[in-house]
Every structure is written in C-alpha cells, then in structure tokens.
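Next up, some structures in structure tokens.
You will see two complexes here that share chain A, one where it goes with chain B and one where it goes with chain C.
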Partner chain A sequence: MSADSTAKTTPPPVVQVRDMDFCYGASPALFGINLKVKYRRVTALIGPSGCGKSTLLRCINRMNDRVPSARVTKGEVLVKGKNIHDADVDLTQLRKQVGMVFQKSNPFPKSIYENVAYGLRIHGEKNKSVLDEAVERSLRQSALWDELKDRLNANALALSGGQQQRLCIARAIATLPDVLLMDEPCSALDPIATLKIEELMHRLAQEYTIVIVTHNMQQAVRVSDYTAFLHLGKLVEFAPTAEFFTNPLEKLTESYLRGTFS
Partner chain B sequence: MNQPATANPFAGMKSRDALRETIVRWLLRLGTFFIVAVTVAILAHIMVKGAPVAFRSTWPFVNVQFLTELPSTLHVIEDVKGGRIEVEVNRADQVKAQLGDAFHSETTISYSGGGILGPIVGTALLVTVSISIALFLGVACAIYLSEYARHGNPLIEWVRLAILNLAGVPSVVFGLFGLGAFVLTAPVFVDVPADRSVFAIPLGFTTLSFEGWDTCVLSGGFTLAFVILPVIITASEQCLQAVPQGFRETSMALGATRWQTIRYSVLPFATPGILTSSILGIARAAGETAPIMFTAALAFKDKLPWQKDLPPLPADASIFAHWEQSVSRFLGIFTESVQALPYHIYTLAAKIPQNEYSERAQYGSVFVFLVLVASLAASSVLLRKRLRAKYRW
Partner chain C sequence: MKAPASTSRPSLGSLLLKKQQRPFLGIDKQRAIRLFFASNSSVAIIVLVLIMLFLLREGMDFLPTYRHELETYRRAGLEFCDIINRPLAEHQALCSKLRRAASASLNTLTHTARTRRDAAYELMREVEEETRLQRAILSDALAQIPAASPEKLTRLRQEMRAATTLAAARLQTPAALTPEEGRRLQRELTLLNPEVPELPPLLAALSADYIRVDREAHATFKPLVDAVEAFEAAPDALHTLLDAMKKHARETKAHVTELHGSGKEPSHSKPVDFDLSIVPLTSGITELTAKVEEYTLLAQKTADTMPAAAGTPQAVALLAEMRARLPDHLAAMRQAAASLPAWSHSKPVSYLEVAIAFFLGDAWITNSSWQDFFGFVPLLTGSVLIALIAVLIATPFSVIAAIYTNQFASEREQEFIKPVIEFIQAIPSVVLGFIGISLLGDAIKGVSEWGWLQWIPSFPIQERLNMFNAACLLALMAVPTMYSLAEDALNNVPRSYLDASDALGATKLQTVFRVIVPAAKSGIAAAVLLGMGRVIGETMVVLLVAGNRIAIPDFSAGPGVVFQPAHTLTGIIAQELGEVSRGSAHWQALFMVGIVLFLISLLVNWCARAFVRRFELAKS
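Our next item is the complex of A and B:
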C-alpha cells in the first residue's frame, strides 16, 4: 500500500487501526483491519452496503460501545498514539476529541446557540464569553455565521436540511476535536446542500483530520485525499485517492469502481 | 358503442356484501355512540343535581358556605304549619325556643350540613403527596428501564412483569397493604418506642422504631402512590422511548455521560408526555376510595389538618421558637388524618339514612369533585401544551 510512502516527512497518523477484528455478538463484522489516517487529511471509507464501513468509523470513537455484545476481539485502535480501549481512557474525553457527524442531521430541538454550545456545556464550560466565542468560531468554520448570526436563539429545527447538517458539523467542532468522523453526512441532502458540505470539508481539512463514510464514489473523489475500500468486512485497498481511482491495485476494487460488481 | 347509454359498467355485484357492510358499520357506530351517551348521561345527571348546590343565582354566584365550611350535622326544624328551617347544631336550641309552641319536630342529618372544605383539603393533600412520590419513583424507574437496563436481562423482564401485576392489583388490596406497611410498621424516630413497635433500633440520641405512621396523609399518600405507580412508569417509559435515538447518539458522541445525555437531551423532550401520564395519575389518585379507607381517611373530622392545638409560645419566645413551631405545624399537616372527597361521598351515600338533604350534600360533593379533577386535568393539559411548544421536535 503506497499510502505509507511519505510517512517519514509528515506527522504520525492521528488514527491508527492495527489488525482489528470486530464482532457483533457471535457474528464477525470486520476482519484484520489496518488503517492509518493522516494528520489533517480527508480519508474516505467506501464500499457496498453492509461492508462494515460505518462500523469501522464508529470504532474510532467507540460509539459501538452502545451496542450490547459488540466488541473488538483482536487488534487495537490508536488515536493520537493511545490505544482507546485502554482502561485509563475516559470515553467522554475521547469523544470530545473525536467528533462525529451522523447521516441524519439531528440538531436538538433547542436554539442554534444551545446546539453549538452543547458539547462545551457538558464538559463544564460556564463562561459566557468563552461559549460565545466558541459558537461564533464554530459557526464561521461551518459557513453558517453570516446566515445565522442574527437568529442564534431561533430553534434549530427551523433551519433547512443542509443548514441543519452544517449546524451538526459546527456542534461537533465546537469542542475542537482532532478528528472529525462523518457518517454519510450528505446522503439525505440535495445536490446543492451536498456541494456546500463538500466545500466545507475542504476548508475544515486545514484544521481537522476527517474520516468520512460515503456510498457515493464521486464524492470520495471530490473530497478525499485517501480512500479505503471495504468489502465484506475486509479492507481491500487503501491508497491516495488519485491513485486509488485511476490505478487500483486490486481486481475487486477495479470491478467495484467500474460498477461490474458481482 | 352500440350499448345503451344507461348500462352501468361499475354496478355493484352482490347486495349481501353491501348489507353486511351496512350492518357492521352501524354496529360499530352504535357501540361508539353508546359510550358517548353513557358519559353524557352521567355528567348531565350530576350537573343537573349538583350544580344547584354549588352555585347560587345571586352574587357571588357560588355557594360560599358549601366550599369554605367543614361538614357538620344538619338540623331541620319543622314548625306546626309545615315550614322547615335548616340550622346547624349550635343554633338549633335557639330556633326551637323562638318557635315556642309552633315547634313541631326536629330531624338531624349527619355530615350533610356546612360545607365540604375538609374533604377538599384532604383530597388535595393526598393527591399532592401521592403524585410527588409516584412521579419521583415512577420516573426514576422508567429512566432506569428505558436508558440503563439492557434488553434481554432476565431481571428486567421480572421487573416488567412486576409492574404489570402491580397494575392489576385490586385497590382494596393496596389499602390493606398500606395499613400493614405504612400505618402499622413504617419507621419513625421516637424517644420511647410504643408497645406496638415491630422492632426498634436504638441510635443513642433517638430510636428508629418500626411502629407505623398511624392513619395520616403520609400513609394514604404513599399507598395511593403505589396505586398510580404502574400508570406512571408505563407511560413515562413510552415517552422516553419516543425521544429519537439520534439525540442520545449525538449527545454521547459529543462526550456526554449517560446521565448528562438523559438530563439534557432526553428528559426535557419526554417531560410533556410524562406530565400527561401524571394527569391520569392525579385523577386516579383523587378518585380512589379503598386505598385511603384504612390509611388516611376519616368519615368525619371537625378540624383542618393545620388547625392543631399547639401550646402557646411564651411572650419572649425567640424567633427560632416561632420558626420551629411553624415548621412543626407545617409538617404536622402530613401526620394528620383527613377527610377525603371520595370517602366523604361514600359516607353520604352509604352510611347515613337517605333523604333529600343528604342527597343534596351528595350531589354537591360529586359535582365539586368532578370540577376539581377536570380543572386539574385541564391545567396539566395547558402546561403540556406550553412545554410542547418549547420542546417539540
């Protein structure tokens, strides 16, 4: 895999999955996954439905812990060099530093301000000026500030679908995470809203490390620097996006890209 | 083209199906109307008979005496011409003396004079205590079942079975349970344990004695709380489950603990529904008679729960002494037995000889009772509406 060729000149991977097996109860979902997510790059996870790409994404902030009987059975997941399954890892701190945006935009039925401030509030931030500042920064970074600065107290549910999803991104980056996980963030949006989110991701990649799950290959081409292809719980190929799409090494990848998938 | 224009290509085929359709529709419709008719009949009957007792045609339009006085024995004095005078016991002799030779006869009707303030206050206290306890326990239980308990845990299935069974227990059994558990054995702090104490734990400065709380608001409130607990648990759990899972996921993904998630992203959105279930709880608690018969209610009491004969404080008593007495007077409310509306209605209807005067008191009480429950329900509905507007999703 050629993704490692420049490893010596760039910062160490922010997220590193090493030889990981993952099971839901008795049924295995992921086998021997190895993945290195580069610092401040966008990494796309693609693959057919049920291939385990969302499961892999949710391994990175341990959201799978919510599912009883789901667990990593082999290998390890390192975030910022630390095995996140170590006993001394505090889940709330992990998730503060590994933000997540979901497929369905799900702002809380609270004001725009309260949505963005939620993460900071639960981590104990009470200082109004700090909150104000974080809300403004997050909304600016998610390209919402100009649209919404005059109605921060409006209910977030009054926003359009695309705005809601960008608000969710603002909410996720308000705690200044190192990694931003995005689980098919555009699958419920129209093309124009999708375009806005994609533009946003380009800008966010300057400050955050992004891992995005998408079932849209064109989107992976447009937004990502690296692409990983999963099939039936196995990571088939992982390469810089340009190489991945122009010159796939694996036959399986090639047939998936051509759409002649069996 | 050649067919006559009158031929109907969509003519119905079987008249039997059509007939069956009509019969079924009318059966269902009649069943529904019958329920409405019964409800209207009950309400109309009580309105017609009860409203004249509670209202007056002249200012202030409500029967002030009926709503602000304690129940008392009614004396009806008849003179020789057949005229009747209704008086309370204190004035009976005076009226008789005035009538002199014109006095013909005197009838006394228990509980039917005065008003029903005692029962109103008692029911309000019982409902307040029971709904507070039931909401606390019920919501706690619902949160545990909905948010913390894992599916498929056999213990949780037992808990659910227990809740279902609790809902099926006859109310008189709750009454007896309350008598045994709260009236006779609940723990209290005393200096010297009573003879009836089940067992006592000396704590040095005081003794924790399991000798019961006696018949009082607290015993009745706890008993009623268990009667309405299943309703509140079940409804609250449904309301919690109705909050989208996405709220929980998002909150957890932002690093919130489970309790923070519940506190800020689940509970606020379930509250309107939980309040609705508490309306049902309030109406049920206010109406139950059997659970309070042994635990809190008296057929007759000539004092309100806070009208207690406490020793007068010395003139130079400190502010602290006054404060202490106020607190003990307030807490004393909950250790008094009370009259309650449903039990008062039962007494009027079943425990005294029936005549036009007792009937009047009866219908008046039922009417006021219904109005109180209805207005409680209405205010909860309003509260829920306001919360919904704030926390809709």
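Our next item is the complex of A and C:
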C-alpha cells in the first residue's frame, strides 16, 4: 500500500493532542505533547515508569478531572476535531465515545450480562432487545460469547483473571466508542491470557481506534501500528512501529530500546 | 589456609545445633511469651463462658420451680376457679360498652341542662374563690365565743358585700346562659354570704332543672338503662359462688405455702391433703354449671330485650358490637363449664406444659394474691416491636447519611459530620430517657392532636410514654452504630469500581446508586442488624419511656399499635430483679428472660457476621 493512497483514504486523526502541558498542582507532568492518533490503528505509548504515559492516556477521556489539582495548562486535546475542554462538551458523552480499560480488571459485582449492559443502561437504554443485541455483539467481539453465552447471569467475579479483563473490554465497547484507551491491560495477566488479549486487540483494531499504554516493548511491537516514546514528560519520538523499533531517530529512544538507559 | 578458616567460622555442624536455652519451670522463653499472649486472648472467652454457665445455672432451675408452682395452682384448685373466671372477664368488657352506650344516649338529652348548671356553678365558684379571705374572716367572727361586737360584724358584712360585688361585676356570662340570666346571677351572687346557706335562686332552679331532665332522660331510655343494669347484675349469683370457691382455694394455697415457707420439715402440722381440700370445689361443679347456665340465659335474655335504638350513632354501634360479641362469650362460658368435670387436681404438670406456659404465656403477673404467672410473650412482643420500629426509623437516616458523607460530602463536611454522629453514642441513655419523658412524649402527644393528622390510626394518642416514643430514642442510639458500619461498608467498595463506572460516562449519582451501594449492600445489611442488636439490648430508655404496661399490645389497632405502652425483656429485668427474693420463682424467671435475651443477641450478631462474610467473599 503506497503512502499516497493511504493519505487519501485515511480520515483525519481521531485524537489529536496539540502542544499540551499538563500539571498536577504546581508540579508539571507533561510538556508540549503533540500526538495524532490514527483512525482504526493501534497506538502504543511506551516509556520508563513515571514518564507520564498513563497521564497522557487519561488526558484523552479527561479521567484526570477526578484529581482536584490536575489540569491542562497549555495546548488542547481534540477528539474527532472537537476540543474536549470546551465548555459545551458533555463529559458523559465524551466518555461514551472514549472507552477505557484499566490495568487491573475491575468488573462490577453483578452478573456478566449486567456488566456489559451497564454502559448502555446509564445512557438511558431500556429496550431489552437492544440491550440483548449489544451484549451479544460486545461479547462476540471480545471473544467471550462462546465461553459465557450459557451463563450470562453468573456473577462476573467468578470468572478467571483473563476472562474478567476481556469482560471489561466488552463492557467498554458495548457503547460503541470511537476510541478505546487501554492502560497496561495485560500487566496482571499470565502469558496465555496476555496472548488472548493481544489477539483480541488485532481484531478490535478493525473497528476501533486503540491507544495502549504498555511497559512491555515486545507487546508494543506485537500489537501496535504506531509507537510513541515518552521520557520525563516529553514525547521523545512518535513513529510507525516498524520504523520506531528498527530505525529510531532519537538517541534517547535508541538507548531505551537497547536497554542501556540511565 | 585451612586452619584460620576453621577457627574464625564455626563448623556447619555446630551451626545447625539448637541454641542452648535455660528453661524456666520447664518452659522456654519463646513458649512463655506465646502463652502470655494466648492467655490474654482467652480471658475474654473464659469470661463469656462463665457468664453463660452462670445464667444457665440460675435460669434452668426456673422450669422445676415454676412447675412446682403450677402444680400447687392446680392441686389447690385455683386453676379450677380460673376455668370459669377467665372467660368471665369478657363480661366486664361488654358491660363497659353498654355503659358507654347508655351514658352517650342520656347525654344527648341532659347535655344542655347540665352545661347550664355547670356554667352557673363555675361562676359561683369564681366569686367564692375571689372572696375567700373575707369569707373566712366573717365565718370566724360569727363562730367566735363570746360573739363579736355587732359593729365589727356589720363592718365585716359590709366588706364581704363589697368583695362579692367587685367579684360579681368582673364575671362574664358564659355561652350556655342567656345575657339576662347572666345579669340575674351576677345580682344574686353579690348576696353570697356564709350566713345564707341556700344556693342563689337561679342556681337552685338550674339544678332542679337538670335533675328533672335527667329523670326524664332515664325514663326515655328506660329500656336501655334497665338492660345495662340487668346485664351488669346477670353474673351476680355466679360471682357469689365463684368467690366462695376462690376463697377456699386461696386458703388451701396459703396453707401449702406456709408449710413450705416454714422450713423443709413441716413438723408442727400435717401436710395438706389435696384430695380432701378439693372436695368442696369438685362437689360444686353441678351448682357452678347451673349458675353458668343461669348467667348465659340471663345475659342472652337481656341482649334480646335490649333496644337496638340509642341516642347517638356511636351508641348504636356500641350496642351492635356488644350484641355481636355476646354469642362467642356465652359459648366460651358454656364450654368452660362443660370442661369442668374433665378437670382433675391430681393430673401432674408436664415440663412441656411449663415450657408452653412460659414461652407462649400471654400474661406476666407477679406479686399477685391469687397466682403468679410468668408468660414471656408480652415482653417479647414489646421488645421486638420497639426494636423493629427503631430500626425502621434509624435505617434510612443512617444509611443515607453514610452514603452522603462517603460519596458526596466535601472533606470539611466529613470532618464535621462523622464526629458529630459518632458523638451521639456518648450521650448517656438515662439522659435520653429524660428527653423522652419530658420533651418527646409531650411533643408526640401534641402532634397527635393536630386536626389534619387525624387520618393516622389511633390519633390522638392516649399515652405520652409509648413504644413509638421509646423507639424514636432507640433509633437515635442506633444511628451511630449503623452509620459507622454502613460508612465502613461503603468505604470498602474497591475504588476500581468507581474508575470503571466513571470511565463509562456515568454521573456521580448513577455510580453511587448502581455500583457503590449495591456492592456494599451486604455490609449495610450487617450494619442494620448490628444496630438492631444494640437496640434490643438497650435497657434504660425503654424502662423510662416505653410505658411499662405488661400486656400484649392490641394489634387490632393496626399500625396505631405503636402508640401503645409496652414492657420489654430488658426493662423487666432491670425493674424487678432488685426487688425479688433470691432463688424465688420470680427471680429465676427473670434469669430465664436474661437467657433468651442473650440468645436473641447472639442470633442477631451471628446473622450480621454471616452477611459480612458474604460481603467479603464477593469482594475477593
């Protein structure tokens, strides 16, 4: 596929971060971030602990709003071309369009069905057939339907760790978000469960735009189309994954990839 | 090389050997420390076991003692009398209905005359009150020996007259009297004087008028009034016979208890021969049955001849109710009489009967000249009902307060609300009792008299001290426990649930009520149960405020039952244990109550723990 034809068919970036500075109170956490997340691609954020990759991820659905002193001090974040900090943005609608999966699986202590239907229910969906249909679709997309279709009323907490995490993914995609944010979704899972999630991400990328934070560089190589490297709150390098790992432009990236990082 | 290494380091073999320790009394240090800590934790368990053993020892003696008492009750023939006496109590209830119907009817005719007379009397009383001093002086002077000088008497009479004139001038004519009558009475009252014994003429006329009207009213309602009297007198013959029998039975019982009380060896007199002493009763069965029959016929006849009409609709309703209840009562009387021949004084009292008499007994009667009964049901219903109302009141308050502080309140609000609610626990319960008696009781009674609240059943209420009042205060006492535990339960809900719900775009309210509260619900249920445990064991407030009427509340009043007074398991122990003699049946009965109370608390706590266990299971 030539660069030319993709440029023509690719829609504008779903998420765009422009010159963003972010502070927790008086201490700055991110500086001058510029990032364009491509439509229906997997973008990985990597970097050492404390570099700000999770903070950046949480800027996209404004999860940082919960921290009282945290705020964007400069620049803007656009989702589908709309600045999400504009006064007329409804946080509820934003989060409906930007789903999130957390590091540790966190299904509600409800039935499997209710977990998946939760997002729709809180957005006012009462029609049983619509809910049934959405639950089935989400569970199919997250490769859980065949395993769980006979016990949708079982408590979600009875599932295994990997199943729980996939259930959380199903819950996040039930509302048909445009963007799916994943914050180290496999860090608490065993290798087989991790593999299943990674396979799932490949399939989900056909319908969703995914941003994943990972501390595992191999995982970034395996799942992502684009990779961004953050260091000390700065975006050091952002490139298609293949180029990023084979031919990094920045010295810092290269030393991080080689593991000779100081 | 080898030699220095072996000297500077101990050999492997010696390292593995146990270190030499000097044991003390055969126990080494590690073990001693362990034992010390273990013994401390076991003290609580040992004390608990000792308490249970003590309670059981005192309480378990109750069954044989009570059995013995019930046996005496049967042998001496008191039970025999009660067979007839108990259903006869309904006669009193029916009588009071009839009397109320009759007086309501009479009142329709005599009301005006009586009001007028009473109003006039009230005016006279006011004047007399105002002139009390002058009156006393004049009376003294008149009674004086030798007689006071005529000048002095004249002066005193003038003073008296001046005082009555002044007082009479200040009177206002009440609505029941016409203005003209008022003026006349004023005039007549100025002549009020201790030397004139007659009533003022108008007052006398009003009095006579009332007496006439009253006589007329009795004539008008003659059938009704006669029926009331006839019905009241219907069981007179039965009563006479029964009273004689009761006297005999009581004497036999007194004889038994005297022998029993004077020591184990009744040397100075023979033991009571029950077979002999029961004869006067059993031989009277025919007569008693005849008297019962006579009573039922008389009562039935009165009811049949009784007019259906009465002065007011209320009276008519009372009469109808009496008529409706009479057949059951008479049937019960006949049945009781029929069961007399089957009764035997020598039939032994089984332990099952004793247990039923205690656990299902509907009367707790102590220090009775007739017979003590230890029935548990009135106390249990009181305790349970009060606890339920208290929990019903306290649960919404504490759970909502817990949700608010845990989920919505700012940090400063939290810092204020939590200590304040927890402070309630520090209020001594006796102080709450004061509040219940002096403040809340009046407030509830006052509110119950508001006109627009009369749709609530049994409003306006009769008793200031009642179950609702006690339950309100107990609810206040339960709030801190329930609030703290519910708040803990909410606090224990993992934060990750909040994250997940937020990330899906839920509003705060949706997150709280769809995720947080459901996740904490078993913890909240445990909080409610533990609050209930606290309430059921509480003593001081119920003793002071619940009204202490030992009777099963009248559930026919519907939800209004909560405004009736009651006694409780805890209250009865606190009230009576200090006054009974050690080791008596009463004393042991109170211990039995204590045991049951203990078991109830145990059960409630166990349930709460079960809930918490489920909660923790769900979380992991």
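Assume the second predicted complex is superposed on the first by the 253 of 262 C-alpha atoms of A that agree within 3 Å, B and C clash if a C-alpha of one lies under 4 Å from a C-alpha of the other, contacts with A are read in each partner's own complex, and residues count from 1 in each chain.
We take it that a residue touches a chain if its C-beta (ideal position, glycine included) is under 8 Å from a C-beta of that chain, and two chains touch if they have at least 3 such contacts.
For clarity, every value in this text was computed on a predicted model and none was experimentally measured.
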| item | value |
| --- | --- |
| Clash or fit (per the criteria above) of chain B with chain C on chain A | clash |
| Touching partner for A:S160 - first (chain B), second (chain C), both, neither | neither |
| Which superposed partner A:N127 touches (first chain B, second chain C, both, neither) | neither |
| Which of chain B and chain C A:N247 touches, first, second, both or neither | neither |
| Partner chain in contact with A:P68 - chain B first, chain C second, else both or neither | first |
| First, second, both or neither for A:K104, with chain B first and chain C second | both |
| Touching partner for A:S255 - first (chain B), second (chain C), both, neither | neither |
| Where chain C runs into chain B (options 273-281, 291-299, 327-335 or 525-533) | 525-533 |
| Chain B and chain C contact sites that coincide on chain A, given as residue numbers | 61, 63, 66, 91-96, 99-100, 102, 104, 106, 108-109, 118-119, 121-123, 157, 168, 171-172, 175 |
| Chain C-facing residues of chain A, complex | 61, 63, 66, 91-96, 99-100, 102, 104, 106-110, 118-119, 121-123, 155, 157, 168, 171-172, 175 |
| Residue ranges of chain B in contact with chain A within the complex | 150-152, 244, 246-247, 249-257, 260, 264-265, 269, 391-393 |
| Chain C to chain A touching residues, read off their complex | 494, 496-497, 499-507, 510, 514-515, 518-519, 618-619 |
| Residue ranges of chain A touching chain B (in the complex, touch as defined) | 61, 63, 66, 68, 91-96, 99-100, 102, 104, 106, 108-109, 118-119, 121-123, 157, 168, 171-172, 175 |
